[in-house]
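Heads up, the next two complexes both have chain A, just with different partners, chain B and then chain C.
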Partner chain A sequence: MLEFLTAPLVYPFMQRGLLAAVMVGVVCAVVGTYVVLRGMAFFGDALSHTILPGIAAGYLLNGGDRGALFWWALVTAVASSLGIGAISRGAKLREDTAIGVVFAGMFALGIAMISTVRSYSADLTHFLFGDVLGVGDGDLLRIGIFGGLILLTVILLYKELMLLSFDSILATTLRLPVQALEYLLLVLIAVAVVVSIQTVGVSLMLAVLVTPAATASLLTRRLGPMLVLAAGMAAACGVVGLYISYYLGVASGAAIVLTCTALFLLTWAGSWLRGSRAKS
Partner chain B sequence: MRHRYLLPLLAIAALTLGACGQKTTQPAGDLPRIVASTSIVADVVRQVGGDKIALSTLVPVGADVHSFAPAPQDVVTVSEAQIVFVNGAGLEAFLEPLLKNAGGSAEIVELAKDIPLREMSAQDLATEDDHAAEDGQDHGGNDPHTWTDPNNVIYWTAAISESLGRIDPANAGFYAANAKAYNTKLSELDAWITQEFATIPPDQRLLVTDHAVFGYMADRYGLTQVGTIIPGGSTGAEASAQDLAVLQDQIRSLGVKAIFVGNVSNPSLAEQLAQDTGVKLVTVLTGSLTPPDGPGATYIDYMRSNVSAIASALR
Partner chain C sequence: MALQRAIERPDVAAAAAITAPALEIRDMSVGYGGGLALEGVSCALREGEQVAVVGPNGAGKSSLFKAIVGLLRPSAGSISFCGADHAAPSAVAYVPQRSQVDWRFPVNVADVVMMGRTGRVGLFRRPGAHDRALVADALELVRMTPLARRQISELSGGQQQRVFLARALAQEASLLLMDEPLTGLDARSQDEIFQIMENLRPRRVTVLTALHDLQLAARHFDRVMLLNRHLISFGSAAEVFTPAHLMDAYGGHLHLAVTREGILTVADTCCGDE
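After this line comes the complex of A and B, so read on.
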């Protein structure tokens, strides 16, 4: 049994992959809890497309240097998320509508920029996409630093963000800077998304952004336990999924995503059973 | 109320007209209008057709053939062409909707049609399948990368000179002579490659690549394709931890000296693999030539650059 667990650790890529899956899982699940509470689940997917113009600009100016592309992507993602905030507030539209508008526009802008050059492919975003099996030491350091900053911000502003998510009217009455906090939250999510994309790729980022938080929200209505549960489940699914990928030969990103999904379905079935038993 | 819409409509009309006015058509004159799918096909077609044809290339130099998105002018180019040369054998699956729906009367010539295609081995196939699932390219069971053996390109020149001679009989002799002269160069290239690879110790003739590009080269010159990494860092991380572990063990146990990656893929997975196993990471050219100032501006330069890179890394 012990050997079953230690055998894959002989490979450095497995050690780095597990570490990355856990760190990305915790950070994404924490910001993902707010994503789920606010009903903006497709923010992550959209953001992975809105960074295209940034990557195109970075590519045209700096070439394929991944370090430079990362900063371009980060700036574009933050700008996009601020744009989403401004549109949903200013135009009084639902946040998911604002995401749709910004996402389509930015993605098309990126395609248009690339097409003027003609010698680059529309798949430029792939230059930035990481792979959980191809994580390097620099990637680990980056997710460690950014992830730490994000978690620290969430902890320091825990009460304020809780009011914002559950009772924004009370938050306004208490004279909290609601608008600034909302923008801050969007920026936190954007940073988490870009750093995760660069470290482990899109599929994995999406999985740990939404599914663990959704699972946790089935189990509790309180923010604190929800954050902890989501983070714990994301980290656990990352580890279990990577072991499944090692022993069954399934693509790593998919294995972790499916582990998250399975956990969600189990939890859902469990809470449904408990609900129907309580009724009878 | 009506004319509230008039201004935007006028603006749209003006933009549309402007865009039409800017349309660039090939200054074809009365030369035969020929289209080639990739830069590699285009170079060989140019060698045979010389200055007697008006040649356009669909997938630009340096672009990833797998994710190429045609622009309207590409559709125009195809619809006005007399012949479209493609590698065939499933490589240009991405072009099929364009070729089918462009209209016009272009004849599509598959250069690989007379080449005995090699089957992908089980391992090549497994990785190529993942590859296909990811970029929508359908390679089927045959290896489409025919050009990695110059002897196959001799089949290409035959098909090209035959097709060009048919639509432009006045210059048929010119095309045939060019093809013959180019075939001589291809044979010289073949001899040179044999010589280069002979300098590699036999037990070192091992290829690990990002995807199975060099099948024909390996078969012809006695190299073994040990394994492939799935193209690193694509949207859906396609490699499994198991595949990567197996590949790493093979690299160690066989003493593989280098990993070869293409010029159009994200190398992060390969970089980490090379670092962990302590072998060299060598960039090679795969589906596209380089710009004129690069090391592989023509097909022959492309082959020489790759063979030199592989031979010096494995020696």
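After this line comes the complex of A and C, so read on.
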């Protein structure tokens, strides 16, 4: 049994992968809690897709350099999140329509850029579905620094972000910088998506943002515990998912997401059973 | 304008500051898309006064409130608070309509009341003993202390309304705006709200409440503001609720029955937006 757990750890790529999965899980679950509470799931999904042209640009211009990819992705993500915010505010469009336009256009641009390279399909797969086992020391450092900054911001602005999400009218009457906080939240989501893109890829990003937070929301009815629970469960799912990936030979990103989904279904069934028992 | 007066006549300005109305609106218009939701509204509220705002749907009650709390910018005219152009931060409390609140949000009663302290606690800081004491006081005043740990969706409509009143109290607001606080509440819950409003009087909180029921407006408030895009009438219930004013405000949507005491039994028969 012990050997079952320790055997994968002899590989440095597994050690780095586990560390990355845990950090990404915590950061995404914390940011994702706000995504869930504010009904921004579509925004989160769109944002992860709009990064693709940024990654493609870094890939075409700087080759395989991970650091360059990261910065290109970060700039693209922050620009698209602010752009979506500005378009839905300024133009006479519904917010989801504005998101849809930016989402599809940017994603297509990314695919077009990557398709100019010969090893197109292999590279695209990597970006779409992630490769947590390919995480390097530089990646870990970037996840640690930016993930840490996100957590610090959420902790420092805990009561402001709670108030903004629950009742933006009160936030306005109390003269909080509502607009700035709204944009800050968009930037936090953008940064969380960028640090996680390596682990789960563009396509599965949404699950890491939304699923652990959704599971936590079934278990607690207070924000603080919900953030902690979501973070803990996401970290645990990252570890379990990687072991499943190792032993069953399943793609790592998919294994992590499926573990999150399984935990959600279990929790949901549990709360449903408890609910029906309480009624009878 | 106030500044100009202060330059010309400092003694007058000083006197005005003492007796300045808690809220003064001068010739205010509020635009919405193409048209005007409110046009040329002027009024002044005394400190500690409790005023009902009535009028048909679309009369501009919500626009009036949004302009006062600063969510809408008036297209013309001005608003002043105790003589100043801007209310002090946290001075204005807004109790939203219950339909506007996300009741599933993971917060309990005490959390919501503590939100009223957010501005006074300050950025990056945690609430201290003083804030917790004020929250406890506010919960006590609205008789919600036993339910402080309840998640807010597990409350009755009247209890939910009292939580938001407690939040306004914890905020130490001097002007309280309530948008349709009685809608959907049974008579007992409505009475509890009025009881709490009576308890606010010693605190000199000025209250402005939008409501549909003209009888409640007449019975429980110091003055009544009758609104239909224009301010039709503002004064005591007896002055405001005359057949001419009511026809002006409601047109055909109101049944008027003039009784021998000269009081009108009236019912707003319009659809209702809830």
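Here are some notes:
One rule holds for everything that comes next: the second predicted complex is superposed on the first by the 225 of 280 C-alpha atoms of A that agree within 3 Å, B and C clash if a C-alpha of one lies under 4 Å from a C-alpha of the other, contacts with A are read in each partner's own complex, and residues count from 1 in each chain.
The working rule: a residue touches a chain if its C-beta (ideal position, glycine included) is under 8 Å from a C-beta of that chain, and two chains touch if they have at least 3 such contacts.
Just so we're clear, the structure is a prediction, and the values are computed from it rather than from any experiment.
Applying the stated contact rule after C-alpha superposition, one finds that A:Ser217 touches chain C and leaves chain B untouched.
In the superposition on chain A, A:Lys159 makes contact with chain C only, not with chain B. In the superposed pair of complexes, A:Gly134 makes contact with chain B only, with no contact to chain C.
Once the two structures are overlaid, the count of chain A residues touched is higher for B than for its counterpart among chain B and chain C. Once chain A of one complex is fitted onto chain A of the other, the partner contacts of A:Met226 are limited to chain C, with no touch recorded for chain B. Look at A:Thr6: by the touch rule set out above, it reaches neither chain B nor chain C. Only residues 8, 11-14, 16-17, 66, 111, 115, 118-123, 125-127, 129-136, 200-204, 242, 245-255 of chain A touch chain B when the two sit together in their complex.
Contact residues of chain C toward chain A in the complex are 69-71, 89-90, 92-94, 96, 100-102, 105-108, 111-112, 114-116, 118-119, 121, 123-124, 126-127, 151, 167, 171.
Per the touch definition, chain B reaches chain A in the complex via residues 60-64, 66-69, 71, 130, 232-245, 248, 264-266, 268-273, 275-276, 291. By the touch criterion given at the top, residues 37, 156-157, 159-160, 162-163, 165-167, 169-176, 217, 220-223, 226 of chain A touch chain C in their complex.
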